[in-house]
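As written, the chains take the letters A, B, C, D, E and F, and residue 1 is the first residue of each chain.
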Amino acid sequence: MKKIEAIIRTMKFESVKHALESAGFDSMTVTEVKGRGRQKGIVQQWRGAEYVVDLIPKTKIEVVVPDADVEKVIDIIATSAATGQIGDGKIFIAPLEDAIRVRTRERGDTAL
Amino acid sequence: MVNLRHIHVMLIVVLLAMLVTPALAQDPNGAETLEGDPNAPVNFAWTLICGFLVMFMQAGFAMVESGLTRAKNTANIMMKNLADFSFGALSYWAVGFALMFGTASGITGLLFGTDGFFLLGDAYDVSTIELWFFQMVFAATAATIVSGAVAERVKFSTYLIASVAITALIYPIYGHWLWGGGWLNAADFMVNLGGGYGALDFAGSGVVHAIGGFIGLAGALLLGPRIGKFRKDGTPVAIPGHALTFAVLGVFILWFGWFGFNPGSTLAATELRISVIAANTVLASAAGAVTTLFITWWRFGKPDVSMTGNGVLGGLVAITASCAWVSPWASVVIGIIAGIVIYVGVWLLDWVLHIDDPVGAVSVHGFNGAWGLLALGIFADGTYGVYTTEGPLVTGLLYGNAGFLAVQAISMVVNFAWAFGLGLILFAALKYTVGIRVPPAEEMQGLDIGEHGVSTYPNFVIAEPVLDGEKA
Amino acid sequence: MVNLRHIHVMLIVVLLAMLVTPALAQDPNGAETLEGDPNAPVNFAWTLICGFLVMFMQAGFAMVESGLTRAKNTANIMMKNLADFSFGALSYWAVGFALMFGTASGITGLLFGTDGFFLLGDAYDVSTIELWFFQMVFAATAATIVSGAVAERVKFSTYLIASVAITALIYPIYGHWLWGGGWLNAADFMVNLGGGYGALDFAGSGVVHAIGGFIGLAGALLLGPRIGKFRKDGTPVAIPGHALTFAVLGVFILWFGWFGFNPGSTLAATELRISVIAANTVLASAAGAVTTLFITWWRFGKPDVSMTGNGVLGGLVAITASCAWVSPWASVVIGIIAGIVIYVGVWLLDWVLHIDDPVGAVSVHGFNGAWGLLALGIFADGTYGVYTTEGPLVTGLLYGNAGFLAVQAISMVVNFAWAFGLGLILFAALKYTVGIRVPPAEEMQGLDIGEHGVSTYPNFVIAEPVLDGEKA
Amino acid sequence: MVNLRHIHVMLIVVLLAMLVTPALAQDPNGAETLEGDPNAPVNFAWTLICGFLVMFMQAGFAMVESGLTRAKNTANIMMKNLADFSFGALSYWAVGFALMFGTASGITGLLFGTDGFFLLGDAYDVSTIELWFFQMVFAATAATIVSGAVAERVKFSTYLIASVAITALIYPIYGHWLWGGGWLNAADFMVNLGGGYGALDFAGSGVVHAIGGFIGLAGALLLGPRIGKFRKDGTPVAIPGHALTFAVLGVFILWFGWFGFNPGSTLAATELRISVIAANTVLASAAGAVTTLFITWWRFGKPDVSMTGNGVLGGLVAITASCAWVSPWASVVIGIIAGIVIYVGVWLLDWVLHIDDPVGAVSVHGFNGAWGLLALGIFADGTYGVYTTEGPLVTGLLYGNAGFLAVQAISMVVNFAWAFGLGLILFAALKYTVGIRVPPAEEMQGLDIGEHGVSTYPNFVIAEPVLDGEKA
Amino acid sequence: MKKIEAIIRTMKFESVKHALESAGFDSMTVTEVKGRGRQKGIVQQWRGAEYVVDLIPKTKIEVVVPDADVEKVIDIIATSAATGQIGDGKIFIAPLEDAIRVRTRERGDTAL
Amino acid sequence: MKKIEAIIRTMKFESVKHALESAGFDSMTVTEVKGRGRQKGIVQQWRGAEYVVDLIPKTKIEVVVPDADVEKVIDIIATSAATGQIGDGKIFIAPLEDAIRVRTRERGDTAL
């Protein structure tokens, strides 16, 4: 079981969600984050002083899947989140040891 | 010596109310006043309603100030605004009004008044109290202006003391000089130099706004900038306000209230000049807004919202002194210059003086208040007299009366010296006794927690934007 | 029997408008009214503009109530405020006004009026409709007060029914007793006891505020507290409101509107006492704010923003009954006591009675409304008559008329009995029929979703603060 | 040819001011005007204060528009509202007023006026400027209505150009036809058909609201919908606004301001009909709100807050044309129908025409403005004349004057053709030259960053709700 | 050392927190997230258009504990977060390699 | 490849960010969280009732780095986030199996 954690453009979120859905990956957890990678900040101004908001609002999607589905999910996200411009984001793959469904106490892959 | 002919009409109102009723020194229910003046109802209604609008400006100040500052200080800012109006009303009732509009003879009368404390005695009179009400909301305005300049770092307890000092002493004494028969307006040498009238200030560019703005300047200077406002090399760092929605709502509320402020200052609907005053008020503010909008567009690449809001207010402040004495086209010119003053003023404080004025109070109220006094000396066109249609009619430089511009310049310098000087003394005295600034840790965490133990927005996830401060 | 000399001046206005035009029973375009009274324009303008300000208080109530409650219920609160003004205007048009100001002879007339339904017939008259307008905005105020006390748990549909019942029946009948020639004001025994006039309430500390506050108390009692408001041992838990910015903005709007409420209640600018009324209004509110600020500072260690806002409102409510009949210094005293009443009232409900009043409506409007009625009986100083400069002048205990204080005490007790009693009956009837409270799951999730299917702030990440509720 | 007897009273005011002072063509300080008309003070006070209330409606528009749109566009919306009032005041001063109320003889006079540019010359007069002030705030209202319909996608620079074109040209010329002695109101054939008066529009259902609403319709059409507003199959997708609190606050502010808009349009407190006008205004709006509340409850299962707010405004717009000429019960009927028009209008645009009007401006101002013109032709009850208590009294279909309904229908059609037609031309011209829409990437990111380089809420974590758009 | 990451109903958070507290697990990190699993979205309406908010606001709790405590914490959370209805949430268990207390630079289990 | 997850004082964030930057670690993801460890809550008051906000707003920084840089980053964060007072925060080190750059589909350390 792996946790796939993707940090994507907020405005691409809708299409990533749809792409995952269509492939049967309905479950996910989403967080509003701010981030910085290669992408430069946005220049803003306040009463004449320019400043760089150098952490850009991004959306983090976490999807937990059985090992077998990992590559599929990576591919779906990478495809649907891409614009080709700097700032498209990253996907991280982390190992998980177990998952528990609170309602039923099922564990392991069946809990996903 | 006081030249009685030139005493401010407001004083006359008070005196008249007292004189026409020789048997009874006061008229607390208004029956005799009504008998003596059939126009009293419309004038009372006008003055009071305009006063209500001015009172509502308190909401505008609270909104502008909170909108342009950070979410962690919002409750503190709202509280300061609640408090300065409340303390201000009581101080002006107890002391301020008596100093400003009380009568006093001889030299003393040129400096301050000495009766009417607590509205007791003869002051329990419908006309006197009408005047008190209208003047009280003005006094509270002067106090609340300071709040913006010292925002996000001033100790709440100290702020209260300063606020009371302003409405009880600093504001009313200067106000007396202009509106209460004091020397700037009524001393012989001023009247002679002005060509029949001394220094004037129709609704308070100087008396209310510049006084407030320059006391604020002193406060901001002695407090020092907010943590993080300036880099070591002195370049300013943007500290964006938490909700432009509130800030612009506040601008609209102030704009609305200003139509009480300026036209209401006739204290009489029988002065039909009120329509011209209203028109001048809106034209100057519109010109101020448009000017700032275009300047910021030109200088920063994009039109700046909060500066444009300041442009509105700057235009309003600038026209306040002259609104009854200039023509519409002149109002537009005054407003355009006010917009420029805003831009230059903000730049000056940020880049040259390195004084941190979070909401632009000094530029809006201080610099444009001063400009308003001068503008009156330049553009007064001789169509209207001193709060009356009768002569002497007020003329300025462009209409051949250079002496009056000189009078106004004196008034402006005195205004700055009084407000900034006493402001420095006041805040310095507080600084070296009770202290004026919250500890750094409290400032970082926010004054809402530190001063009031509360979070303004507990149902929202709060974040501070991460700024780099230098252009990429 | 009605003692005609003492019937409330408002009724006289109506009667006069009907009597002076014998040929035509009504004057829908105003030509004859104008001919009969050259002061009609200034009095109409005054009354209407003041009425507009009172109408604007609806925005203030909406802001205070939403600011002091949680984000998940905000849309519901805004909707309740939209609805109670709208339903209130229609109910008062259809039924309320006729009951309150309609004429009726004999005993019936001491209890309620019986004509003027739907403003049909003779009521289609400029004077009658002027009165209707001013009274309608008052009726809507009484209704909206209840909204705050029952916030965050009341079913929307039930709230609408209660709101209509208040503006159509509960409020107008009581209002008739004070302002429409009913028994509290005009019955012989009351007039005799009072020394020439029965119970008085200048602008509605009792008629509007206490009625609203005590109906709210009944509602809050029968609804029970919000989930999580009290621990098992009865100690209250803080449920912070979602935006103090809105709450204080609301206080300022109400403050502004109150200058329509109180001075406007002369219904005439020819009563120059309006200036004193305005001054008393501001002084009492300022004193209320300052008092609450200091009490909370002393008791809680830090000055509390939302309570200070309540202090403003408490002072306003308390002075509303007496604003025309007391002097400025007395207003300050009344306001100081109002601030204490706020503090004690909130404590009483939270810690002793365990009744959950999310916004402090009961303390602000109920307890201070009652205090306002008494204060009039104590401080009336004999400078002003019953809505007129002519006698009998109104005096209270401190000026030797203990009987009038007794009259006011009776009025206060009747007010509480009527409002709280009918409030209990109303909410109990609703509770055991249609139900008054949303299901717990809906309450937890918020009434915005449950009642209106909407989120107020969809673009913000919303969180509830995690409270421990007990001091660390 | 102009039938002088029927020229709009407002024009008369101007003319009178000019005629009664033959020696001096103008009266800039008001002394002579006062001498000529002892009622001038109360009428000036009334008109100006009502004008101030109308000015404050700008704040209401800003709040409604920002509340009903997304957080990422809020600063842009506030800026548009600051700008359109400022640019509008200056354009109306420079050009608009002269076209609308200037005098011109013969055929030209039926089409537009030709003097009074920049308020120079004879226009520097207290009466003329009083009229200018009141009319200027109306012109700015027409402009700001458009802002809502084009929100969240229009280029700021282009918006400014459109706004100026509206206040300088489109609005004043049409306004002249109704209020400045132009053909719709004063041409012989209209007067004859109407039975003694041509097309009427008391306070501007048509002149202000429908003009604004239909220009907005043209703008929304040519801009196209916001990204994501419609699915490929044309079904609309909800794009919830970011803060219903602001939206409803805005509704209350507009409601308040409308009491300046409608009653103030007598331009005279000596017209005691103002009380009926105020009552009709509140009754229609309450009926509109209640109707929309119940329709949405019935159709959507739950009562909708933002639509109910629109219901208030729809009722206000609809009664604006007829408020002085109908009775209270008719106002309720007009308001009920207005509520239905809101519901049907929103549905029509969303589901049939697929035009994206984010805040409902077209339904509120356009469709209900048109309905208001017709309603006047139906319900006018013959109790009041053309801005005067003297005859001819205005009657509509229900009172036997079908011709007047025909006149009003013509007026309505002309209104739509003029506003929608010129709106199309204006926005098309802009579209194919400077461009009217921001690039898609900017629209997605928000206009705050794109147009002004600023974030409205930097201290809050912002999110867009994740919508599916189809019922589960 | 493991990181226990539970995504629960926002309105159950208070009781989970108390349950953890009572068992001596005071430390935690909490984030407002939106999520979707088996639970259907909430139908809302906006000016007549119905729409589904299909990511429901949830609360994420992260608790880092020594290996020995993992099952205990899982049990506490699963018990106190349960309503038995769909949407009760999930608990994920992830391995952690180390923890450092910033103030003292302690590492490993003692840093928790 | 490791994920370094630091939960620090919000007011120390600026200096941590600068410290990371200076050392060449520009990339990061930042989330507003609330947390509780050893630090007591903040006592607040609401209309006279005192209450403890016992989850204090904190900032979570996630930085993904190759194994070789882990100690360096820990040191930088621990140094720049420290005040010496309780509440300075924690740093957790978690294993990651892979990272993918969306734009280029690069994987592994080169994707960071």
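Note that contacts are C-beta pairs under 8 Å (C-beta built on N, C-alpha and C of every residue); 3 or more make two chains touch, one makes a residue touch a chain.
The structure displayed is predicted, hence computed values, not measured ones.
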Length of the shortest touching-chain route, chain A through to chain E: 1
Mutual neighbours - chains that touch chain B and chain C alike: D, F
Chain pair showing more contacts of the two, C-E and D-E: D-E
Distance between the centres, which are taken as Cα means, of chain F and chain C, whole angstrom: 53
Chain centre separation (chain B, chain F; CA means) in Å: 47
Per-residue overlap in chain B, given as positions that touch at least 2 other chains: 42, 45, 49, 240-241, 243, 300-302, 304, 306, 452-455, 457-458, 460-466
Residue numbers of chain A (touch at least two other chains): 30-32, 34, 43-46, 50, 53, 55, 94-95
Which chain pairs touch, all of them: A-B, A-D, A-E, A-F, B-C, B-D, B-F, C-D, C-E, C-F, D-E, E-F
Touching residues on chain B, where the partner in the complex is chain D: 39, 42-43, 45-46, 49, 53, 70-72, 240-245, 247-249, 251-253, 255-256, 259-260, 263, 268-276, 278-279, 282-283, 285-287, 289-290, 293, 300-306, 308-309, 312, 327-329, 332, 383-385, 389-390, 457, 460-465
Chain F-facing residues of chain B, complex: 444-445, 449, 452-455, 458, 461-464, 466
Residues of chain F that touch chain A when the two form their complex: 3, 17, 26-31, 64, 94-103, 105, 111-112
Residues of chain E defined as touching chain A within the complex: 2, 6-8, 31-38, 55, 58, 60, 74, 77-78, 81-86, 88-95
Residues of chain C defined as touching chain D within the complex: 28-31, 33-34, 40-42, 44-45, 48-49, 51-52, 55-56, 58-59, 62-63, 66, 74-75, 78-79, 81-83, 85-90, 93, 118-120, 124, 126-127, 129-130, 132-133, 136, 156, 243, 246, 451-461
